[in-house]
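What follows are several structures.
In what comes next, chain A is part of two complexes: it sits with chain B in the first one and with chain C in the second one.
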Partner chain A sequence: MCFKNLPVEFDEQGNAHLKEGVADPFSYKVEELAPIESPEGEEKLHRLLERNGHIRRVDFDPVTRVAGALAFHTVVDLENRQVLETDSMATLFRGYEVILKGRDPRDAIFISSRACGVCGGVHSTTAALALEMAFGISPPPMGTIARNLLLSLEYLYDHPLHLFLLAGPDYSEPAVRETNPELWERAQSVRAAGKATHGFDTIAEIMTAMTPLTGSLYTEALHMTRVAREAYVLIGGKYPHPQTIVPGGISATIDTSDFNEVHLRIVKFFDYSQKVIAIWNDLVEFFYEANPQYREIGRRPKNLIEPGQWDDPHAYDGTFANVDDWGRKRWAPPAVIRDGELATTQMTALNMGVEEFVEHSFYEDWTDGGAGNGAYQFKTDPNGNPLPPNHPWNKQTIPKPGGTNWKDKYSWSTSPRWDRVAMETGPYSRLWANALAEDYSHLKFIEPTGHSLKLHMPHGNLPEAELEWHIPEQWGAFERNRGRAYSIAYTALIAYENLLMGLDLQRKGETRTSVDYKVPKDFRVGAGFWGAGRGYLTHHAVIDNGVIENYQILTPSTWMASPKDPFGNPGPYEEAVHATPLLENYEKPEDFKGIDVLRTIRSFDPCMPCTTHIYADSRVISRDVVTCACGVDDDGHDHEH
Partner chain B sequence: MRVLVGGVGYRFLRDGSLGPHLTDKLADEPGEMSSNGLEIEDLSYGPVALSMNLQERPPYDRLVLFAAVERGRAPGTVEAYRWNRQLPAPDEIQERVAEAITGVISLDNLLIVCAALGGLPDDVRVVEIEPEDLNWGEGFSQTVEQKLPEVREKVWSSTKP
Partner chain C sequence: MADPVGGNGGTKLQKVPHAGAVFGADGPRGIGGLGGSAGPISELHVFWLAGMSCDGCSIAVTGATSPSVEELLAGSIPGLPKVFLHHPVLSIGAGTEFVRPFRDAANGELGAPYVIVLEGSIPDDQALEEGYYSAMGAGGFDPDSETDEPNRVTDWVKLLAPGAAAAIAIGTCATWGGIPAAAGNITGSMSLMDFLGKDYTSALGVPVVNVPGCSPVGDNFTETVAAVLMFLQGLGPLPEFDELGRPAWLFSETVHRHCVRAGYYEEGVFAKRPGDKECLVDIGCWGPVVQCNITERGAINHMGGCMVAGGACIGCTMPGFPDKFSPFYKRPPGSRVSGGVSRTYGAAIRRLRRVTMAGGNREPLWDRLDESPSPWAAEESPPSVPSKVAKFFYHRLQYSGSVNHDKRNKQQPVPKSLNVLHHDPEPTAGYEPPDPDKEEGAAPSEES
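After this line comes the complex of A and B, so read on.
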């Protein structure tokens, strides 16, 4: 059964409908939170602190080496090495939904791109997909191929950046020496199993090479991000805010020389991905062998969501009517994975199960606790499937800045849920969805087995190889990083297959990269389903009279940095940090650095710039709103200025 | 003398966009641009990429940067100076690199990252102005608008031997 919590069931033909006899199907009861650090819990905290000097409030504000503004509040028990309480705070407001209202729909491509300095091109493309659905157009095959190539290249930029420049330093010699010197000692004598691929004798050599600014793996990653970016701009013109993404394809042309130049760069990732996989396999296994409890770092249930990406150029028609068909023909299938099992691979089911809650976010509820007063705009999607009032097509962005209170509101992120369950997403959700889709046999270099994904890597300087990513038995921080390493190979193979298809189209003379269109003046809706390097990304658009009436962007970090939902369940960062044992080596509480907490948070590859300034008359809601608010309850002051 | 002149900043951020805006204006001044060895370029595309590009190009004798930077001075204050190349501690440099690769564009970030990763000439000159209005939108505040001729003059004089 697809849904366990939403009152939606399917008939024999697979059509979704609301369960009969449910009076107010999407309403819900808000569970009251009882944090230790709240006005009510203050006395409890003081008692705890008085009795136990080892219980500490530890705030990471801001969490460094992540993109954008994230703060994380914890209460930790340093004696029992447990995290007692967690609160994840997006500390800036993303105002694109408000900025886009009333604008020409085509502006969405260029304005939403500014949501991020890393994955701007994905926002542009997802906006173009949403507009294509609304306008009733789709690109010619070469336009789709170009888009697939561009976004592959974007991921090839993104993954090395995360693995070696953002998360990587947590595993470098200086970090390990400082936080777990016994591991550094051990690393010097443990031989690296992947030496033949990566060239390092010992694990300590790998850790040294991961040292920020000076380590060879760090500087090599910087170089590889350049290779990917060069390939992107050969077609896309510039990055991270391309001007070439348009509804119905791309506005650039591609010739043989472009393909050859891109090919030269993709091939470099064949060797590089093998090296990165060997590095992260060695690191992960070293930590697991040194202390099996490292498997628990960042642990959370196997609940993942993946909208799928890389369209089949001959199947994608941009319509919602056929979204389940063209969605299933993507290189990475749309999927919801619940407790490790595939809940659905239907885009319509994925879409209808999404809700955004704001009980603990700095926004006004627009739904009357899910009831929507019976007046919410879209009771169904364009295919007649039921939609909840909290669905992105119904969502209204109504900022309500205020003081931080762990019991009430404490984040600018909403709480997205699928079937009212917290989901995470990332490049590994693509691997996972693909691995589980055993019937997915149309990929040239990628083979799902139901429990793993085989990657048939052509030769570069290294000989050809068969790499295999296995669905992990236990899901946690180290596996996220390992999955991201495999995602470089996975992405390079998809880029390569698209390149070969592009050359084939060129031989056939099918070189057109876009179609003509007109902005319709009547009422339209559209949705773009894609993913950033960090996972799930959707844009939902409502257009009328030739302008945007409502526009909603749901990003991967909104899913994962989310605060608690109305049912009292934590967001993925909060849940994963709560489950994290504190394995750091500290003698005194003052020595505690929080490396295990930071490894957990960074393993999700947080990307918060999609929370940013908003223009609201003459006021700017800025960084000062809540960044200093960790551990502070509502002071009754209006922090807007 | 090979001199690279470049503005730094985001577009559409009112006074914060002085860098890219003035780059476009200065590039259209044929008199000044006719000087041998003078190149002008919008350098807002990311410090890591700039560092890599500078290392691949024939070396410049001087880099002249201009931008709006908030330092708590009176709005419209214009300062021109030769950068002293003082770098913060490695941890802070690493944070600046992390900012740079995730899309943060700022003058300080550019100076620190490029100095750490390489590519800057010995002689780096900076012209900066204290912004008054950093709201999202086009055009400058009146205060900064009035100071544009002074910024322009200081940029060109910074290119002289």
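After this line comes the complex of A and C, so read on.
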């Protein structure tokens, strides 16, 4: 049912098993790549150059305004305004998984937090979840509520940071004037529909306010990231690496003052999220109306993965045996969405479909092309479901630094796939999973409809409002940003509901936040399924003799920054940039800046520290209708140097 | 004529010259460079490099408020120069446009003073024959270079450090090595000081400045930068640095000394499990031996802080982090001695204090009336005879050499409006306090 590529079937009781009679069920053949700039791509290159002289290589190294080091390499046809080839490169390796091997399991929380400084808190919590599964413990309700609040507050800092400090400047006055002056002209006369909410008369005024440092939306966002982080550190101690996450709960001492100060800060996001949504709705619609092709920027199939997050404090018991049950009771349910359809909402199915490939990454394959020589550690998960050799519980991190080669290895990111399909994840995968979960009537302020998510916003200074996020018809860069804006409201509502539940627990005297535990000395496995600002986050741990035997971290940007898989299919950044039309206003290749490529990459909110750095080899195709002088000569000679 | 051959073995395509310059090829290449005051330095470039980094230090700095990063970059603080920041997360240009000023500085062609800031540890990739562990920008350092290989961050550091006015390491990875340098690491990571060596001094003769913490308090970094700039502009003292290059005013005290829970330690009361409100030493806090100011300054905008919220200190500002402070959540061995002592003497101290506190919780009028008007407790136990005796001697000592308010209070008449809902006060001309000149206890007693 849910798997199309992996040889896994389900019986009538819903238990998974391998298809009968398939030898080497998970083995695969590696597809050879023929990049344009390699000897294998020579012929293709000459064919292209015969068509026009405006084939260019465009490298963005580094891609700035993303967290961490990302480089992107493209080959573009500037005449036909197409991207021909893309390579995404993660350019950092620190070996956290290797450092964690052989350590006390208790070290996993604080060490894995340092995998990412943009979203460190979520790693701590994910590690705690993995340890809880391994230790056989779970937090008291207040411990889970506190974690849910921390997760929400992290998002409330993270999304404004992205929308106005990282992605936002690409929509600001100076950038639009530089890359599409005709749009700037137009923006001055287009009235902003959301004026009653955000106060700006025209789209041009919004663009001016998005200018780095001098724009009011830029500085306001920076301020709001601090408001959320102030609330965070009252419970978490510090940020980005919180100090209060422990196995079996949280070590924060939460009293009325903490709840009061957190409450007041959450409430500030009711108004702010309405404003941010109005801003991004106005911007997105302006671009779509100016040129419908903007819907195509960063286009990609609707393939998304969401492990679910925000635990039900009374359902979460930390066991893998019940993971499907407590998973479905999360605020955002686990989900795999394939071509816009729900493929599964079972955590076990989501988990068993995950494989990480390293054919184009600076690591050694430990599986012998998926065959695993029958010797891989876990043939099944703890519930008896089949696991592939490339599954995180079986993965070994064996680094192999080397030269960059688009045909062979070019990234420190691996290529995670679900059922061998590239998946994206993000704040919108939470919205999406929740919108599709029509039976979700237990949420207080959030109402899924199957095609949209209604958000019942309480009043702040702005009056109460019902906001509605619709599952987009066409998925692309602008919808990612719009989804992220709605996610601020969504998150604020979940934070608020958790705060109210926390106050209720306080009233009942259920204020204990942690349980006692002992580090087990026998063989244990655990997994933490959680989320980061950018979506999917899992930690898979294997513990024996009181030390970590294997530890695997799979982050959202690893999913999305991934290089090509062994089947020759691109990772999501590569895929989206490849599909992007080049709508930038340029006359000659020398004028080309690559705004549409950058908007595409940044719409994913790349976060590379825990992915490694991504370096994409893509060549930018720009359109030069005037002259061939700066193009590649007929003989392919490069004149630039 | 042969085609230039790239690392992929095929023909190299021509590149576009201004990829990433979405704010214009002549526009600002970093971020900032607004406002500012004239002075000995009117313009300063800051090159931010990320080695084996999680970007947590950058995020911490965006949380700073004293001063904030936007105040520094907008040049809105009188006395400070124009600051241009070249930062991979915050800069507005990308790719070649972003890297160009780095190259200019490395080649001595920037034409303005600069400092480098390193976040993240330095990997041992200078020793690799091929490849890197951390890279930024590609295509070598020489404008005529034909290479496409990513440039190692360690090469950038080597090229930029000697000409920098200062080299600042931010965060525990860059200052001491941190987690990428922990036991079991496979990248040979180290600190900036280790990499540059003992003889390194900047162009202004300053050794590496270290602002540790994982992640650091953002204000510790921006305040240090502002203090140095104020000094260079002739407006402030030379900031003091300790023997490891840490800002002395921030890191000379232990985090325990300013801890909001330190009083529990003194009274020998300890948290039994995470979430308890008492001193966290028994659940793994290393605060008494860790140099850090987070309990005083807070984490962001003076709020939070590890032990303030309830998190045990794991020594993240210290060169020994993480291995000398792990396994985490385990009681430090040293606390068995000091904690044991504080338990013993704290037990006596806190009982004596409860006696004194009980006295302090009684308004002098209540002493005179021998009752408290509070209906909140069903019954408040009146002071015992021994506690009255103790109080007598306590006040003798307290007021000796000064005015005895205990005696003075005894002479104050009882207000007539007490318990007004049950008794209408007797009309009087006014409340009549005793004559200060005739009052007993009003004159300072002899010093004993």
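Structural remarks
Following the convention adopted for this analysis, the second predicted complex is superposed on the first by the 597 of 641 C-alpha atoms of A that agree within 3 Å, B and C clash if a C-alpha of one lies under 4 Å from a C-alpha of the other, contacts with A are read in each partner's own complex, and residues count from 1 in each chain.
By definition in this document, a contact is a pair of C-beta atoms (placed from the backbone, for glycine too) under 8 Å apart; a residue touches a chain by one contact, two chains touch by 3 or more.
Since this is a predicted model, take the numbers as computed values, not measurements.
Clashing of chain B with chain C is the outcome of superposition onto chain A. Comparing chain C and chain B on the residues of chain A they touch gives the larger count to C. In the superposition on chain A, contact is made by A:Asp591 with chain C only, not with chain B.
Legend: residue contacts after superposition of the two complexes on their common chain; A:Val262 is shown touching neither chain B nor chain C. In the superposition on chain A, A:Pro35 contacts chain C only, with no contact to chain B.
When the two structures are aligned on the shared chain, A:Gly403 is found in touch with chain C, with no touch to chain B.
Contact with neither chain B nor chain C is seen for A:Ala433 once the two complexes are overlaid on the shared chain.
Touched by chain B in one complex and by chain C in the other are residues 64-68, 99, 116-118, 120, 161, 165-166, 169, 212-213, 222, 225-226, 229, 238, 240, 609, 613, 615, 620 of chain A.
Note for the complex: chain B touches chain A at residues 45, 48-49, 52, 90, 93-95, 97-98, 101-105, 116-117, 134-137.
If you check the complex, the residues on chain C that touch chain A are 1, 3-4, 6-24, 27, 31-32, 34, 50, 52-60, 62-63, 65, 68-70, 73-74, 87-96, 98-99, 123, 125, 128, 130-139, 144, 146, 148-150, 178-180, 182-187, 189, 214-215, 217, 273-277, 280, 283, 294, 298-301, 303-314, 316, 322, 326-330. If you check the complex, the residues on chain A that touch chain B are 64-68, 99, 116-118, 120, 161, 165-166, 169, 212-213, 222-223, 225-226, 229, 238, 240, 607, 609, 613-615, 618, 620.
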